[in-house]
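Letters A, B, C, D, E and F mark the chains as written, and numbering starts fresh at 1 in each.
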Amino acid sequence: MSTATVAPVVTFGEVLLRLSPPGTERFFQSPTLRTFWGGAEANVAAGLAWLGGQASHVTLLPDSPIADAAVRAMRGDGVNMGHVQRGVGRVGIYFLESGAGARPLAVTYDRADSAFARMTGDEFDWRQILQGAAWFHVSGVSAALGDGPYRAIQHAMDAADALNVPISLDLNYRPALWAGRDPKPLMQALAKRASLLIGNPGALQVMLGIDTAGTWPEPPEAVRTSAELAAAQFGCAHVAVTQREIISASEHGWQAHVYDAAARQMYSARRYQIELVDRVGGGDSFVAALLYQLQRSVALPDALEFATAASALKLTIAGDVNRVTERDVATFLSSVK
Amino acid sequence: MSTATVAPVVTFGEVLLRLSPPGTERFFQSPTLRTFWGGAEANVAAGLAWLGGQASHVTLLPDSPIADAAVRAMRGDGVNMGHVQRGVGRVGIYFLESGAGARPLAVTYDRADSAFARMTGDEFDWRQILQGAAWFHVSGVSAALGDGPYRAIQHAMDAADALNVPISLDLNYRPALWAGRDPKPLMQALAKRASLLIGNPGALQVMLGIDTAGTWPEPPEAVRTSAELAAAQFGCAHVAVTQREIISASEHGWQAHVYDAAARQMYSARRYQIELVDRVGGGDSFVAALLYQLQRSVALPDALEFATAASALKLTIAGDVNRVTERDVATFLSSVK
Amino acid sequence: MSTATVAPVVTFGEVLLRLSPPGTERFFQSPTLRTFWGGAEANVAAGLAWLGGQASHVTLLPDSPIADAAVRAMRGDGVNMGHVQRGVGRVGIYFLESGAGARPLAVTYDRADSAFARMTGDEFDWRQILQGAAWFHVSGVSAALGDGPYRAIQHAMDAADALNVPISLDLNYRPALWAGRDPKPLMQALAKRASLLIGNPGALQVMLGIDTAGTWPEPPEAVRTSAELAAAQFGCAHVAVTQREIISASEHGWQAHVYDAAARQMYSARRYQIELVDRVGGGDSFVAALLYQLQRSVALPDALEFATAASALKLTIAGDVNRVTERDVATFLSSVK
Amino acid sequence: MSTATVAPVVTFGEVLLRLSPPGTERFFQSPTLRTFWGGAEANVAAGLAWLGGQASHVTLLPDSPIADAAVRAMRGDGVNMGHVQRGVGRVGIYFLESGAGARPLAVTYDRADSAFARMTGDEFDWRQILQGAAWFHVSGVSAALGDGPYRAIQHAMDAADALNVPISLDLNYRPALWAGRDPKPLMQALAKRASLLIGNPGALQVMLGIDTAGTWPEPPEAVRTSAELAAAQFGCAHVAVTQREIISASEHGWQAHVYDAAARQMYSARRYQIELVDRVGGGDSFVAALLYQLQRSVALPDALEFATAASALKLTIAGDVNRVTERDVATFLSSVK
Amino acid sequence: MSTATVAPVVTFGEVLLRLSPPGTERFFQSPTLRTFWGGAEANVAAGLAWLGGQASHVTLLPDSPIADAAVRAMRGDGVNMGHVQRGVGRVGIYFLESGAGARPLAVTYDRADSAFARMTGDEFDWRQILQGAAWFHVSGVSAALGDGPYRAIQHAMDAADALNVPISLDLNYRPALWAGRDPKPLMQALAKRASLLIGNPGALQVMLGIDTAGTWPEPPEAVRTSAELAAAQFGCAHVAVTQREIISASEHGWQAHVYDAAARQMYSARRYQIELVDRVGGGDSFVAALLYQLQRSVALPDALEFATAASALKLTIAGDVNRVTERDVATFLSSVK
Amino acid sequence: MSTATVAPVVTFGEVLLRLSPPGTERFFQSPTLRTFWGGAEANVAAGLAWLGGQASHVTLLPDSPIADAAVRAMRGDGVNMGHVQRGVGRVGIYFLESGAGARPLAVTYDRADSAFARMTGDEFDWRQILQGAAWFHVSGVSAALGDGPYRAIQHAMDAADALNVPISLDLNYRPALWAGRDPKPLMQALAKRASLLIGNPGALQVMLGIDTAGTWPEPPEAVRTSAELAAAQFGCAHVAVTQREIISASEHGWQAHVYDAAARQMYSARRYQIELVDRVGGGDSFVAALLYQLQRSVALPDALEFATAASALKLTIAGDVNRVTERDVATFLSSVK
């Protein structure tokens, strides 16, 4: 926690307020809602900061006490919020019921017309923001939110290229956000600029047009083929593929792989079967931990094991953010070996 | 939620206040109690209304703020409480500790001398109440509560017969309520008037004198034999048999069957093994969903699958009432197929 | 609670979700929000039902579990929700911090683009809805929410006129909702159709163009002059004027007057100085109690005393709705006399 | 907290479960109830133990986990529960809503048919129980609960007389418990055996037939006259008179006096005006503190000041029991001097 | 709950305040901590009292409201706290995060410089305390806390020997408390005086120097060999060995054995696999139940089954103390047979 | 919230964990504690950041999850925690009961042997830390905590002098921390280096030896005389004097004055009488707001009014930190004018 000299990972995306009933209750069974703050890219930033890394999250929020609370929450997690802009609109909300056992998770989105979605895309001085950054990370969620956010991503990637900051892109396919639109034109353009591409097989197919096996979960050879195709087609140095098997609302299988294009090699991490506390943010926590390790030049197979273990732990933690330190992950890894 | 023109199911029974310690705690480990409202027949009414049906619950409560809260709770669930009468006595209470894993559920009843139990049985104008009703439903719990409630049931069944409203009877065997008394004389008389009879094998034996296999769980053939015997002896068109296997305080097996006397055929639904949130009200939610489907003329095997799935979901929901909509059940059914 | 034969008061307006931090905390000081349901006209309906009256609330909500909870809450309070329509959009939200002592209440609205605001105004069959109604009640809040809601009000008033249902209009001036627009053209047109007009002096001035004294609180003579002017200009049989003095976030003065145009007489109720629990819904609870008494043909001065006492009690109750029965108000009135 | 050698005060009475909604909410506004344990004489025992004294509470409870919790709670407060008997019946309950400001406290009793009320009165071996006791204390609440409890009181007083244990009697008039009965015959008989008599002017009149001024609050001279009359008529060495002025649900005036029959002198304590947290148990905490001081041979005026201060503090403490130590009272007394 | 005439078990050890985040949350994810009171030997005393036995706990606490709460908690559980001494220092604290599924339990100790650890060891009059006691019980935790506590244990054992009170010693190995010190010299000296010795194989090895198999869990034959060695070397009449298998943070295996030196026989209890609520206090609850049964002269194999079942139940109960009655254990035992 | 270019205020002091029972309860009446983070100087930093200023807090904490939570909390409030050092020891704790009405606040300290108190004082590189700082702020609390912290203050002041960073010193007299020691030698030495001195009259007398009137509250003339004396004797440019009048546990009077030595003028702010939510941190919030305004070159009388209003608001906010923005204070100020 000394003054940071490490290069930060810069993330870009919306910060959402999650509202959940207590425990396994149904919505409004009690007159209280538990609040959490999250968002695909924000979770990456917060997860990185928890591990001990440097992260700066760029977003646009309205000027309200609700938005101030979002900033406070991310800052508490250790994320630099110095580049946040304020604009017109609301704070996006999603209502989430966790389910229990056979009863599935249920989400009601209320994120339309957020200040983030209503940005022009010209609000940020990316040259200044990305100066000295280790990575720029964004996901398909931001790309889906509208012309403004997409434009902002393009500007960010232009600046990243100019500054030689490598780009990380998590496909993060959310059908509801793309309703009636084909993600491929937008996402393929972004994938071409990414050094690290992350996605599950379904997202690779729908968002990038990569042929996948279509079985679930896909066997490692099939994953490798898809990853290789993606790396070749979009010129990505690394393609990470995560796979979640939903056994029940309370138990998930979880595994991840990384394909190294230069070495033409794929690594597969240990598979975890996890008694769930909170299924949100598993993929984001994986990306956070992978970037954390890559930045430290940890060897790819080790980085992958670390990232998969970190994200397995995430599934046991309430909220969108992976509240684990590097030591927590190391302890866990040594206990399962 | 438009103004109802569908014929309602009319239920009759006590509404009880459940008081439970938080989570898996033991009684008074914390100085708070969680409140729920329920009662065997009230749960059927509320479950029906949650699914989207019309239900009217008939009961007798004292004139107190506690009783008003019972009315409010049922009304919130969508049940018509316009036929509730007020009388002298208290609101029945039961204290329930959920247990956890190997530690079993523990109940302390405090329902003696309730206003419901102290009714004369002549308080209700059943001709008016049952006018246009789709079903009249009652259970062995009400029959056990005393002469007044039993008399009220007889009056209700007289009116139902006169109005051609079919009768549904859930045996609902609670040994504590029949202490020292043989349920058979009272229950056999009611069973003879029921079109739909619901019970588990033990209740069929103890309350109606039907020979059952005595194994647990009973194999389908044995269930069929018992159901056939019951249908024949009491002239019921349908006999539904539910079976719960208590694997631990946290995990139950759950299955149901329906015997169709006219077709001389028994249908068995998919068996569920459920990670429990709340074991109360499983059978009631099954009846609610079955009546909901029968009223819509859904084919018996489909109605049974729906009802079994609905009641499996109930076991994952806190409280006595099955807080699921028809859409929730459909979603769940399509996920397990 | 027997089946209603009394003519219901029909109200029209948005139902909002209120989210508040626990007790006197600031927003997000704890990660929980207390939920309440309310809305100017919905509060009138719920307050009426609590007192023992019949009320039917007409609104338009999206088709979501959040909206279902709104219906359930109102229904629990005893309001008929059988005329609710479903449409596209969200459930309006407002975040409310109660303040404490010298620290004032703070509200952040998040109600834009609600399903209610996005209605066309042609969704309701007012002839059917208002058939047999005792009153139609609406407020300036609904008028402010957009062309659709305003159009719906006009349709409702047309039907009310045709069915001889008297109209009650609460001005309910909320500057934020009229930002940049002059309420007078819209509100004067509605006032002309109202039999009962309710407002505070400021609202009379800004929304109807009535000259008021401009002091705070206004002396009874000034109130009388304004009320007389309003009655004359818009042809209202009764004009009720409420006045709140904010002594601190925890203590308010509260008084009400009614001008009877036919008798050319103004009545003033006892003034209350109230240690506050929740300042929201004071005016709505006054209207609820006044309509409740007028419908029972209680003499105007007594109806006014009752309504003022009921609304004084409201300020001691958490939430938007006045959870008091007629007996509660009578007990309170007899204790202060 | 060393092993007790001080003579204990023995109290006799029912232990009740209090159920209250959170904070100032109305019943069942939230689905939780706060639990407290109390009862007029039990509160005296617990208050004494908190101050540092020795107290043993005698009661009869059912054999249930709910009753076990009552024992545990009293024992935690430091009361010896070694003489508790078990019997048939339930644990008495009362529902209490605290009110707020202008809204008054509201109580719904549910104590009928408790195991305590159903005792025969012969369950206790008073000779053994009272051996070595400093005082025997009981109140009019126990006398009102039925023939069995009254009979037990008579047996206890017989034993107390035989063992020279002085008797303390708090009139504790609760109209609901005496409904339709004249308390005088029963209470006068008990008063004749009491060495210390405690009551407010209304109770002296209704329960003992003593003429009182009938104003509220009564002036000291009037209190003195009533106390003198009571002392003379019933032969009590000391008569304590407490007076509560209910300014609002949140603010009470509180004062106490003691008349010393031997010295023919009345002492009046400082009057407190108290911002209330919980109005229950004020009188009981006064008795507890008075007995505590009398047993320590503190001079009567000082004992009275201490007891009045202790009971003023009680009104700021949630629950039936006065959770203050002797040091807390001393600190408070020195701060107000 | 009648006045005790049974000889009490006297325990000696620190009472600690446990602070835990709600449910499965991480530390300070919410701004509340759940409090529990415990301590190895205090848990034995409280567990014994819950079962229905007599227990007296000897400890030293500071003179503060926090320490008073510790006394109140233990007393509520039924433990005699009449021999507690007060001294200088603080109340020891430990922060405990329960973990969930794959995420392990995490403890942060803050018990240094407690009043207990700072005792001289001469504060207690053991002759008086142990007069008439059934057992004296202590554990290796107290021995590890410093010279003062160790000296107190020696004094207690001297008095126990003089009074013919048998001694029970639970090894309770906590590496953090012995950091840098060899427990053997201190613990071997204590073991030589113990009639009943309890430990797991690891503790036997590290604290007493007994050779064990070193596998996990150890097979019964290996356990028997170790127990026999310990009995022989230290002259203990009985050696109990408990074994916990940590399957996940939520599931543990649990088994116990007792070696009877006189009979040269080892008994092994049924093995339980437990879905955990709280892993703390399992061993303590085993000792409590074993002593409870031994004192009642229950045959050793039955006592062992009872104690193992009681401690299996403990793992399903929140907090350090086993809140089960003898009836709860009997019910559980009959359900698993 | 853009990247800071404003010079930060650097504060130095311990961060403590506050543990409080819910609402107005007594300790451990419920088994939960509310947590807050604070500390005299940390509160200044957090208050400044809430207002919109830049603050960096320097402290020494152990390396534990508890300490990490302290860092997270301060960071969430907007304080730069980049200069925090880790060391050996514990996190200081204080238990606080808020009291209610006549019942006073009660505190039990448990802060001995904290990592902060055990520092050597040489852990910080003040030259680097204070480079570019606007102010260095410390209080008498840190000076009292031991030789290490005092040494660190001396080093910090040396660096501040060398870098021309003005020094602010809040006397903050806490008798318990100086027990048996005369604060004057230590505090006079620090006062001589302070540009801004803050204290109440009692602290000026006890810690600096300044003669004060000794009445309570002191009249403005007396305050002026004391402030003038202090300014003259220690060469402080400004002396601020705050005065709190404790009317009850729920109501305090609050006023502040500033003496400007150069102008030989004293300014007195409006006096507030505040209904309290939390009395902790009033003085700290005053200092925070005063520094915030001085740094912005606001005129002294306006800065004083702002700071007094900000600290009056603090007393209505739960916790140690003043959670108000500059806009909140401005709104409040405009409402009271």
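Here are a few things to note about the model shown:
Here is the rule we use: contacts are C-beta pairs under 8 Å (C-beta built on N, C-alpha and C of every residue); 3 or more make two chains touch, one makes a residue touch a chain.
Predicted model only: the values in this text are computed from it and were never measured.
Shared contact partners of subunit B and subunit F are A, C, D, E.
Of all chains in the assembly, those touching subunit B and also subunit E are A, C, D, F.
Repeated interface, listed pairs A-D, B-F or A-E, reference B-E: A-E, with more than half of the contact pairs matching by residue number.
Mean C-alpha positions place subunit D and subunit E at a centre distance of 41 Å. If each chain is reduced to the centroid of its CA atoms, subunit E and subunit F end up 45 Å from each other.
The distance from the centre of subunit C to the centre of subunit F, with each centre set as the mean of the Cα atoms, comes to 46 Å. Chain contacts: subunit A has residues 23, 26, 29, 31, 72-73 touching two or more partner chains. Every residue of subunit F that touches subunit B in the complex is listed here, in rising order: 29-31.
Residues 23, 272, 274-277, 312-313, 315-319, 323, 331-332, 335-336 of subunit C are the ones touching subunit D in the complex. Residues of subunit A touching subunit B in their complex: 23-26, 29, 99-104, 248, 250. Taken in their complex, subunit A has these residues touching subunit F: 1-4, 68, 71-73, 75-78, 81-84, 86, 325.
Across the complex, subunit C is touched by residues 19, 26-28, 31-36, 64-66, 69, 72-73, 90-91, 93, 95, 97, 106, 108, 110, 112-113 of subunit A.
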